[in-house]
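Here come two complexes built around subunit A, the first alongside subunit B, the second alongside subunit C.
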Partner chain A sequence: MKLLIVDDSSIMRRTIEKNLGDYNLEIIGTASNGNAALEIVKEKKPDVITLDITMPEMDGITCLENIMEIHPSAKVMIITALSDKLTGLKALDKGARGFMYKPVNAEDLKKAFDKLLKRQE
Partner chain B sequence: MDTKREDFETTCNLFIQALENYFKHLTDVTSEIGVPFIKESETLSLKNFTGLIGISGNRKGFVYISADKSMYADLINIFIGIEEPTTEDILDMAGEISNVIAGSVRANYGNNFNISVPIVFEGMPKQLKFPAEVAVFVIPMKWKGHEAFLVVGLE
Partner chain C sequence: MNSIHNLSVKSKFALAILPLIIIIVVFDYLQIQEHYRDYKDSQRLNKAILVGIEINHAVHELQKERSISTGFLGQDADVFQQTLLAQREKTDSTIQAFYDEIARAELAELVSLHTEDLRDLSTYFDRIEEIRSNVDSRFIAPNQVISYYSEINEVALRTVNSLISESRNRVAAEQVHAIIYFLKAKERASIERAIGTQAFSNGGLDDETRGPFTSLIAEQDAFIDAFTTIADQPSLVYYNNTVSGQDVVEVDRLRQELIAGLALENDANYWYQMNTTKINLLKKSEDFMSVRIHDYTEGISAEANRSLYTVLVVDSTIALLTFLMIAFIVSHLLKDVETLEDFTKKVIAGDLSQKVVIKTRDEIGHYADTFNLMITEIKKSHLALKKERDKARFLYENIYKQSQVVFENVEQGIFLLNKEHKISRLYSRAMETIFGTKTIAGETLVNFMRTLLIPRDLEALEMFMKHLFNPEIDEDVVNQLNPVEQVKIFTESGGMVHTKYIRLAFTRIENKAGVIQQIMVTVTDETEGVLLQHKLEEADEKKKMEMEQMLSILKIDPALLRGFIVNSRKVLKSISTKYEEHDESEGFDELLTFTFQIIHNLKGNSIVIGLQILTDRFHKIEDAITKLKDNAKVVGNDFLNILYEINEVDIIIGNMSDMLRKVANIYNKFSSEEQTDTNYDLIDSLKRGLSTMSEDTGKAINFEFTNDKNLTIPKIIQDPVKDVLIQLMRNSIAHGIEAPNVRIAKRKLIKGTIAVTLDNEDSNPDEMIMSYRDDGSGLNTAQIIEKAINKKIIEESERDKLNDSQVIDLLFSDGFSTNDEVDEYSGRGHGLGVIKSKIEELHGTFDIKFETGQYFEMIVKFPANIQNPVEE
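Showing the complex of A and B:
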């Protein structure tokens, strides 16, 4: 399965990449904003996407809406610092398959991805 | 207790919880929180590297974390195993901490507590000053011996 990691923090992108190393996921790209992410989605059609919300140029919610239009089968896991419930519900309503609040540690990522990928089998 | 003091304590506690949770959850090492104080001077409390988030919506102001390179380097080493991070990595780490702390507090203030993308800088920028109408308080902290400040200014 192809994975795209979208977060404006390079440390966060590399943390996610490191912690998802045990899964059978091919990291086909990383992006630091929604516009860059959409280019990769159009070209490479990732199966799984981790998506931050607060990013420059295009925020994650707008990016999610666009992803659902161009590649609706993508499984999007939102990973954000915005910890209010409404943001989570909004993302799920727009097509995200999962939602995680930062700070996210290795165990949190593992639990969430076990669930996300199991659901996909 | 007067409203101003009550508001100061409530806000302080929210940021302290977010700060403590960040370090404990990601590193398993508890941070030591010092006694918060209200800042009267117009100058900033700064270490060498700072990540700042602007706040708008139902509250207006900012929050920033400031620490020396060694603290961010220690965190980066824990997260991704890099021993000699670049300056860009250090600034990115400062921005990400401030983002997560401000975002955590949003759970209490609601989705009209808007946070900006991080502004990061090294050293003391000349153009940054506290707005006069904002009450600023400083939460000193230590994590693994590294000193840092979380500074919050909210209308």
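Showing the complex of A and C:
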């Protein structure tokens, strides 16, 4: 399965990359902002996307809306440091199927992905 | 067809047997009618025969009269004259008998049927008189007479024929015809007698008559032949036996003579007598047959009558029996059907206790058996079902009761949300306690929480509910976004508003197929926990702060701190001592002033050595004393509060002392260096005190210490010295050294300077001379005087009479302060009072110099070898 990581923090991107490396996911790209992410979604149609909410240029919710328009079958996992629950719920409304708070550790990440992929199979 | 379907079974049966009944009735009717007709027929025939007999009697007499008349008209008139008259009477009587017969009432119907024939006959009968008169007058030929009479007889016989030939009975009809033939033959015989009588009178047949006479005999024979062919045996036997013998043979011989035209041996009378004998025999036979046919017809009539009644009775009986039979079967059948129907109704009403009893072994009987079998089965399954139901009810009630007990007693709020997000009817009692309301069930959760949450949280809750029921999102993922994980709510109970912290947790309830059916919600009142947490946090914070403060004492010079502690405890103790010795009647003013000075001084010291925790405490006590001093009347209890506060401070200081001792012990174990007296700690604490104060007031100040002779202030008097210097520094900062902008305006260095110099005079080395000087604004004498007047320390009149020394004295008077603002460092008007008392403690003297706008200086002289400071 193809994975796209969207996060403006390079440390975060690397953390996710490192921890999901052996998860039978092929990391097809990383993006540090919404527009870059949408380009990759258009081109490569990733199966799974991790998405940050607080990002420059385009916020995660708007980015999610666009992703769902381009590629509705994508399974999106929100990974955010934002503790506001309404925003998280809005993300579910827009079509996100997974949700995690930062900081993430390897164990939580794997558990969350287990659930995300099992649910969607 | 439908109307037939809807009929009751009874009506259906009635409808089914109706054609049968009709057939029976019609058949009976036809049969009875037939028999009745036979009966009527035979009766009419019987009557006709009676009339016929009367007519035949008349015909017979007319036949005789005809012959006699013929004879009368012949040669032997005398012979027949007498006979003729008698015969005419006889004839008339028979005709009269005929008339009498037809006049009978019971023959009216018959007569009416044959009116024409009978009228015809009457007409002919009426003509007899005319013929008779013609005979009497002899105007008529014998042939004509015969013709006349024969005509009458012909009509009479035709009438008889018409009357009796209508029978429907074959036997009767045959016999009637036999009689008719017989009568016709007899009529021919009678004519033969008449013609013969005439011929004998005339001596034989003339040629003209011979032919007809011969054919008459032939006709006669032909009719007798016909009669013998159809007549029944008894009539035939009777005829053969009767019409025979000598006379009959003699007639035949006479007839042959006539026909042959032989010479006649006998006269006309003989002929007549012979023929009459024969005709009488014929008449005898005729009468026999008449009676016989009459009897027969009477028999038929009786028979018809009998069979009519038999048919009536038998058929009616059969019809009645059939009807009764059918009625019996139908009613019996219907009774069974009704029994079944009643029973079925009972079963439908739920009564399974009985069995249907039908004794007949027909289809209904079998049906009843099947029905009973069915009831038994129903009973069985009913029983099994009842057991299951009871079991289920038992389980349900137990579970329900148990869950009720749980719901009544559990401390958590528990309820279910259905797919419309509505709260279940059943919820735990704790819900009412937690939310302080009883209107819970049936409300959607969002509506229920509407008054408790801010709009943004409500919006989140609404969205959250939606995703809780969204099977595409994992329950844990949704629960991470629970917006009511911890909510602060306000509830009212007993007129009081309570703040509560509650936690709502959500669990999906799925069926076996994994479809989300309901959401279980648990509500936990975490108020106690949260408040405890807050308190713990607060306590933690406080402890941390206190710890920091405690630790901060480690930064303080141990000697200074020890001095401070010893001094503080000593002076604090002096307050309680003073209170005990105090006489309440003298009022509290003096005691309050004394206490205030001590506390104020301790506050200054604590500031200098950096003991913030104590500075705050002392400041509070100062506030409390100031308030009391403003009060018009102070009582002992008020002062006790002050003492209590002072005691608290004493405890803190005691704790510090203990801690310090412990630290000292540790220190002692690590260091064995000799302790020598130095000014270092004193100067260091002054520097630190000054820097704290200058930072807080925003005035930058340099501290200069000059000790050219390297003098050391003995440890024992370092505290009072420090007290004095600190108080002076506070005054300098509060009143002396100007704010930076003022200093710039006055062309002074922005940074002020406080200089302390230690010296002595060589001539008197035991006396220390300590000078304190700032480069501030000096003393504003006019302002001091003004204030002293305001504070009623001096009179207005003294304004211009005071010299500098006297003005300085004003500064040291109680209740004087020149700064309007009250802060930690100055402003209570007690500062200089403290200085004065401290210098006295040192057994010292002081001198003040100043130049307004330039400087302020105090020179304190005190003994350097003093062992114990003065205690007050």
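The criterion applied here is as follows: the second predicted complex is superposed on the first by the 121 of 121 C-alpha atoms of A that agree within 3 Å, B and C clash if a C-alpha of one lies under 4 Å from a C-alpha of the other, contacts with A are read in each partner's own complex, and residues count from 1 in each chain.
Throughout what follows, a residue touches a chain if its C-beta (ideal position, glycine included) is under 8 Å from a C-beta of that chain, and two chains touch if they have at least 3 such contacts.
From a predicted model like this one, the values you see are computed outputs, not experimental measurements.
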Have a look at where A:86 lands relative to subunit B and subunit C in the superposition and call it first, second, both or neither. both
After superposition on the shared chain, which partner residues are touched by A:8: those of subunit B (first), subunit C (second), both, or neither? first
More subunit A residues in contact [subunit B versus subunit C]: B
Would you check which partner chain A:55 touches, where first means subunit B only, second means subunit C only, and both and neither mean what they say? first
Return first, second, both or neither, reflecting whether A:42 touches subunit B, subunit C, both chains, or no partner chain. neither
First (subunit B), second (subunit C), both or neither: which does A:99 touch? second
Once the two structures are fitted together, what part of subunit A is touched by subunit B and by subunit C alike? 85-86, 101
Which residues of subunit A touch subunit C in their complex? 85-86, 88-90, 92-93, 97-101, 112, 115-116, 119-120
Touching subunit B in the complex: which residues of subunit A? 8-12, 14-15, 18, 54-56, 80-87, 101-103, 105
Subunit C residues within the subunit A interface of the complex: 456-457, 459-460, 463-464, 466-467, 470, 472-474, 476-478, 480-483
In the complex with subunit A, residue positions of subunit B that touch it: 21-22, 25-26, 76, 79-81, 88-89, 92-93, 95-96, 99-100, 102-107, 110-111, 113, 115-118
